[in-house]
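Both complexes below contain chain A, partnered by chain B and then by chain C.
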Partner chain A sequence: MGEASLVDKQAVINITGFCKRYKKKLAVNAVDLTIQRGEIYGLIGPDGAGKSSLMKAIAGVLSFEQGTLDVLGVTIDSEASAEKIKGRLGFMPQGLGLNLYGDLSVEENIDFFAQLREVQPEQLDQRKDKLLGMTRLDKFRERPMKNLSGGMKQKLGLICTLIHQPELVILDEPTTGVDPVSRRDFWAILAELLQEHNITALVSTAYMDEAARFNRLSLMYNGQILAAGTPDAISQQAKGCLIELTAEPQLEALKQLKIHYLQIETIGSRIRVFADNTSVNAGVKTVTDLLAGVKIKTIRAFDAALEDSFIALLRQRPLTDQTQKDNSIPRFDKPLPDDKSIAIEAKQLTRDFGKFRSVDHINFSVKQGEIFGLLGANGAGKTTAIKMLTGILPPSEGEGQVAGADMRKAGQLIKERIGYMSQAFSLYLDLTVMENIRLFASIYGVDRKTLKQRIDWVINIAGLAEVIGQLAGSLPMGIRQRLALGCALIHQPGVLFLDEPTSGVDPIGRRQFWDILVHLARVEQVAILVTTHYMTEAEHCDHLVLMYAGRVIADDTPTTMIESLQNEAGQLLEITTDKPLQALTLLEKENFKGVALFGKHIHLLALDVKRVKKQISELLTKHSIKLLEITAQTPTLEDVFVYRVLALENKELT
Partner chain B sequence: MNYHAFLLWWSRTFTMTIKELKQLIRDPVLLLIIAYFFTIDVYMAGSGINLSLRNASIMAIDHDHSPASRELIYRFRPPYFDFKGDISGKNEAEERLNKGQILAVLDIPENFQRHLLQGQAETVQFQVDTSNTVLGTLATTYAMQITADFGRDFVGKQTGLNSDTMEALPVIQNRYRVLYNPNRIDSWFMSIMELLTVITMLSMMLPAAAAVREKERGTIEQLAVSPLSSLQILLPKVISMGLVILFGVAVCLFLIIIPLFHLPVKGSISLFFAVTALYVFTASGIGLFIATISQSLGQVTMLVILLMMPILLLSGAWAPPETMPHAMYLAMTVSPLYYYNEMTYAILLKGAGIDILWDSILELSGLGVVFFNFGIWHFRRQF
Partner chain C sequence: MNFTRIWAVTYKEWREIFRDRLFFIMAFVLPIGIFLVVGFGISFDVEKITFAVLDQDNTAMSRDFLHRFIDSRYFDYKGHVQSEREFDPLLADSNIRFAIIIPPRFEEQLLSGQATSVQSLIDGVFPYRAEVAKGYVTAIIANFNTQSLAEYLARKRGISKGQAIAQVSPLRLESRYLYNQALRSQWSISSGLMMLVLMVAPPFLTALGVVREKENGSIYNIYASTISRSEFILGKLLPYLLISCLNILILWWLVMHVFGTPFKGHPFFYYIASIIYVLCTSGVGLVVSLLVRTQVAAVMLTIVLSFVPAMLYSGLLVPVDSMGRETQIEAHLFPTLYYLRITWGSFLKGLGWTELWFDVAILLSYALILWGIGFLNFHKRPAE
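Coming up: the complex of A and B.
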């Protein structure tokens, strides 16, 4: 961080040697940070890394012990000095719509914040119209905030933060719990607004794939900055490459590779390995040589994206105590029958709430041993579908089979045979880890003879040995979710329902979580139905269903979904220019498909790659924008999701 | 239900009950509140509030300044009255009454003594601040009594009768015996009444709070997909909170009411606890209903306060049922506190046993079953 050491008069935020302590715990430790005017600066890191503490201190709402903190040219050293800059910045705390008032309408919320900030009435009307128009919330002016979807709440939060036109906005995880379409929308609006008024933004996120949206970013871990710079520069700091292969038999290949590599995961039929200190060229050979008695079907090596780099960086520096965990995850004490029978089946399932149809005649089936992903925007009906299948909510129409029992008739039987984990952490925060496990063991009627063995098994599979006596409320998010999973597994069910289990969990925590899920499906033949907003997680699923407005709009494997998008809309082009925002406006005007801004890059979809490339290059030259690079890539699941949902949204609008 | 399923059912209910108790123990604020209600609150009600006339301040406008007028004024003395001195005239009297400095004014006309000596009828005026009806009425009654005694004694002296010869006159004397609370100690009535109020409030509040807390934190969803029935989710809350309340009642009775107010327990303490348990169960049914329609602890509290008023009003503690309008009289028959109130005083002060109270017990049980099932039924419907 060469640039941080110089005191920069132009910088909006200038921090040196910042420390924050909560009682004995050091939350932020000696952080240096400089943010320039007009930048979108990202803070990425797991829970408890110190992101929120740092952001609150910058916003002037948290005192700190050590270091200097200059914000907008004012040195923050007292409450009085913090007061001076409060009018010039906007702060949006973590949590969906937490800073808003649920019973006030969209417009009343905006008016309230404007009055708080003493915005003149004429200016307010003008800004309000513009912001509501941009966020497409103008149709919902009268709607109470609590009835908005997650994405809409966050957009309203953004409007309320920006209504007094601050010079600096601080957004703490604004996209957590928001679906990919709304997320993309949020970023587009943010980029446009910031550009227009030359606002600087400091944003934190738990989604690694959003890192590309930032101009520069810092990776935080344990109160320290692990790496800082542009997204590309950070990716390159982790020495090594990613190797992706498909092999038969997969489990054997996995077992052999785990001996040599710490960072390894399976994604559907693929195995992905991060090989430290190995170049892309040597990667394929190194891995091939390690495997014996395994048939390698495909193998390729490439540079890691930020998420894998982040995990690799953590491992390569001796910051974590990530000792090699025991590879053998304990087995069920009563293994499920190894058959591929149908575990979950929905037939014409429908649910109405008054006049509103939340779920509209959906059909799908999940086999034993399959990981099934249910995707959709906030409010698409995923949670309602799960509630019906788990027997909490009676369906208005249709039927379903779960774990061999009829959903409408044998609700009690189903409840005994399934495990369930809900969106929000739903265990008792004022009970210890052990007490929670024991409580659920008793609720699920685990008999006394197997009780001790079963509790040990849960502690083992969820990796809870070190926190057994702590109150659940004191645990970080990642471990809490593993505890919730452990409790859902106490009776070793054949079917598992997980409703956004990893929302708000950091990448390392998510990976550990998915390791357990993959094991359960592959080894124990558990059928897993999962919903998620993380598209990198959706890749783990064997089968995906995409829901929109209560209907199933796509039902396929992830690979086929991507392939069919390629057939329909083509490849993904990543365009790098010297003036990304002008280029973006230009490309949007020319009606290219799926244009979106990712930091300095622009993404769009093109069927005829060659022709489009030529078209773009001509167009940009004509407007004297320099085209630095244009590459074709395979679209990701997020592209599939956004493309499909937007297509339907547009159809409904016309 | 076979034996195994029965065991499982109870083992689940038992662990859930333990869970509730653990959660309560880890909530120091709530524990403090409960402790306060069963000790300090009841003590204050028993020792502080007094329904009899004590040291009521009184002043006099004495236009006569005679031995007779002074004799009359002298009779307004502690413990009932506290004579604060003379005042000049009506204006000052009115002012002092308006300001609430004194409770009553005694106005003695000129020639008071002369008229009496001449054997003429004489009147004195007694002005009373009756904004507090109880005190006002008591003051008036006592004043009437004092003046009547004075008149009788005065006449007696005139006619040359002394106190001994007075006895020989044919006068009807009103002799009464006070039953159950012979010294008419208000603290007995007040502390028990307060204890009943506390029990009523906490029996609704604690199970409702425990249930709505699960809603607020989202844990209710996890329980709803588990093999627990609605009854199994709710019953442990009622059992655990009921145990806490019974414990509180024991503390209150044995550490506050009996030793500090010297309440003589006439009836069976165990019968009292059994009736209390029955009442807690009934009131918690209302609590569960409150929990169903509330979304937060704040709403629960507001609803409990809202319901407390009519429940207390219809309890029969402040006004006997016969004085109520007919509609309210009918409402009292479905008010659980009415039965519980009646039985509590009957057991503790009158020493009534199950042989007398069986019909009230049956009626309270009936209400309990109805209220509790209504609570459970409503809870089940919300999903």
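Coming up: the complex of A and C.
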């Protein structure tokens, strides 16, 4: 035990051979981890990867069975030893505002934490003013916590965790369920605060695209650390490159490529393949050679981002027994309209809850065979819109139509043509997979003759054959969501509504889920309306609608959305410097557009790339900040979302 | 012990209770509600038994006999019927609980010195009430017989009616009920309900207060901070104890002024004993909160652990002495029995320290044991 601390005296956290089990289940398995002072260290992985258990053990609020754990120079091996470090660390558990007190105001929450941590009153006032100012919560001092938005709750949580100025903060998924704008805000504040007091932070996240926020990170899966290091180093650990192409006919190209590649997905009209052990230079040729009788329209190869690398790493190591699904996904046993008629339509749809307008005159339409994405922050009105379209909630104004009929007045025949999978899905966790499917079959009135065939079809399409006898509650999130989808498909509906179907599901599970959706849309011409928080997922949609405060603020294909952002605001510049925080404040002062910090990089938008590059390099040199690299990139959908929402917020302020 | 930290928890909890409407209802409305509903609901006095009459004789004597029922406060006369058949629907629909049939030639037979019989039909669904009703009927008939005999003797021997009665029934029982002279069951029940309500409400509050934090994860604020476990338990439960101490006074007032039960004991003694009892029942809630993780489970377990002993084993409904041997042992394992003794002793018998110190001592040791278990099993670094 003493030896571990001798190895690395500087380390804030030192873990070797850590194991945690719950009854028979091994949650964390033989983890080694060292975190240095001043680092922002990330733990990235899906639900159930063991992140929370590890973080709780480090915070001294969970006992463990095996391994050594040194935190701030103290060996944690008992309740008594854990008490020694608690004054010096801050811990923020998982859940949006769940560790705060809903009936207390913002200020009362802070005061409670300060009293609990014995902060002197003079110090408290000073810190409180500063933190409230930084997080722009000072206007809401008197507001009860339960009336704050998700992003504000997390910022308040951060203040409460930092009020006693700990040396080490442990934040468990602080950005889960928070919209992209608030997420960026949260990261900026965190980075600034940590830098100021040289605080070390251990932060977990389920969003792969947040990896760039960390100095170093560990990828966790199934209780183990899959890879550790800087974000770039991890991406490079997965040998291979990504190839993206558009081809006609897409289905044929997909079929041919699936024979050779395991990691393949379609994103709208594009196909994306991870080619193992292939360099970027060789990638295009390798893939082109494999395709025959297919017209390739565009093709390019590039280095994979973390999410693809994560999946590749999982595949390349024998950690998962990923069974490759064959191409013969069973067809519907009843014919569906093959035409491109309009399946879902919202006309001036509006809903008020008392004085609050949740959905404000929205219009959009979804064709058969289209995957339609509804994006927006928590409380933007997505769920309310879906509930009105499916006839669960009566609109205050306007109407919603499915297959040409108002769902509220529609007959049973039309109602049988839609499938709905709600946010907190209504699976019966104490029933087995088979019992759940049978239950839904009888709810939807599948007749006896087709019952057996239909159940087999659901098991097949959702890939549930191996878990058929297990309790739904014992399944991992990914499989559980596939079961939920299968149950919503039991009556082979022509229109499918999915409300945040993949939150909490790991990247592999999300891909498998989307594979099914793409198949349903392309082959069976099912119209799919889906809401999601993951911007990377939004790219899979054929068409997107962006909602903000109940209104539709953008309505286009993903590609056009990105293009119009480029036309309006320009390219994305990624700037790497030796003093990122100073550079950030400097650039913000100079009124560049969309300045945001990503770990050690700074992002901003620029129309005239050449001129702005020159401007920045001069500015930084003047303030003796070393410019290491500056590259232009295509903005992502997240950039679109943040840009559009911020533009509106600014307009509302003035 | 650090008082800043205890105060932080107490003050936070206090504001939450008063801002969360549900919790506020749980704290004040629920105990008083239970008390009033059960207090007015449970009554063992069998009075106003509804009945109807079939008088096939219809003479002065039959009417005189029937008036003994009609005029009694134990019976509630609903009317005459013309045939025996009419009783069936009345009894079946519970419009009457009891019917009496006077045979033809009732007066004639009695005057001629022959015996006759009246028939009574009693609703036997609720045996206790049926037994009591039968007792009343028997008593009225016995009285009628005595009087008839006395009148006959008085006429025959030319003595006064008083002398005649003395000769017919030379030995009479005079009973006087102590502590509750009128045998009003509401006196016993209402005061006894303090035991029930104070057994149920405090553990509900404490268990929910702790489990709520466990369920939504805010308990991690406590786990991750420097507050010690005794500071937390104390700070957390202090508001609930205060509320329960206030509830003791409210209930006490209701027992005396709404149910009119006299208080003959020593107020100071009874209040101290009641606080010890509340400490004890809050301890039950503390232990429950350690065993469960969700608020629903906490409610279920608290109901089982509090209602059952309070209703069945305390002696409120059935005297402990008349329970079976095993049940008597079980009854002594729960604190309710001792507090009920203290309550009845204080309200009805006017007892105090000298007579009841042992029961108070038992309650105190209960409280110490439960809080001890609570303290020792609360961990800031649990295994899951």
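Throughout what follows, the second predicted complex is superposed on the first by the 639 of 654 C-alpha atoms of A that agree within 3 Å, B and C clash if a C-alpha of one lies under 4 Å from a C-alpha of the other, contacts with A are read in each partner's own complex, and residues count from 1 in each chain.
Quick note on the criterion: a residue touches a chain if its C-beta (ideal position, glycine included) is under 8 Å from a C-beta of that chain, and two chains touch if they have at least 3 such contacts.
The structure displayed is predicted, hence computed values, not measured ones.
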Three-chain arrangement built on chain A, chain B and chain C clash or fit: clash
Touched partner set for A:L607, first chain B, second chain C, both or neither: neither
Which superposed partner A:L427 touches (first chain B, second chain C, both, neither): first
Touching partner for A:Y22 - first (chain B), second (chain C), both, neither: second
Partner chain(s) touched by A:L628 [first = chain B, second = chain C, both, neither]: neither
A:S63 touches, of chain B and chain C: first, second, both or neither? second
Which of chain B and chain C A:R438 touches, first, second, both or neither: first
Partner chain(s) touched by A:I468 [first = chain B, second = chain C, both, neither]: neither
Chain B clash site on chain C (candidates 9-17, 99-107 or 135-143): 135-143
Chain C-contacting residues of chain A that also contact chain B: none
Partner chain A, residues of chain C touching it in the complex: 2, 4-5, 7-9, 11-12, 15-16, 19-20, 216-218, 220-227, 379-384
Residues on chain A engaged by chain B in the complex (per definition of touch): 390-393, 412, 415-416, 418, 420, 422-431, 435, 438-440, 442-445, 487, 497
Complex interface listing, chain A residues touching chain C: 22, 56, 59-63, 78-79, 82-83, 86-87, 89-91, 93-95, 98-101, 103-104, 108, 112-113, 115-118, 144, 160
For the chain B and chain A complex, residues of the former touching the latter: 8, 11-12, 14-16, 19, 22-23, 26-27, 217-219, 221-229, 383
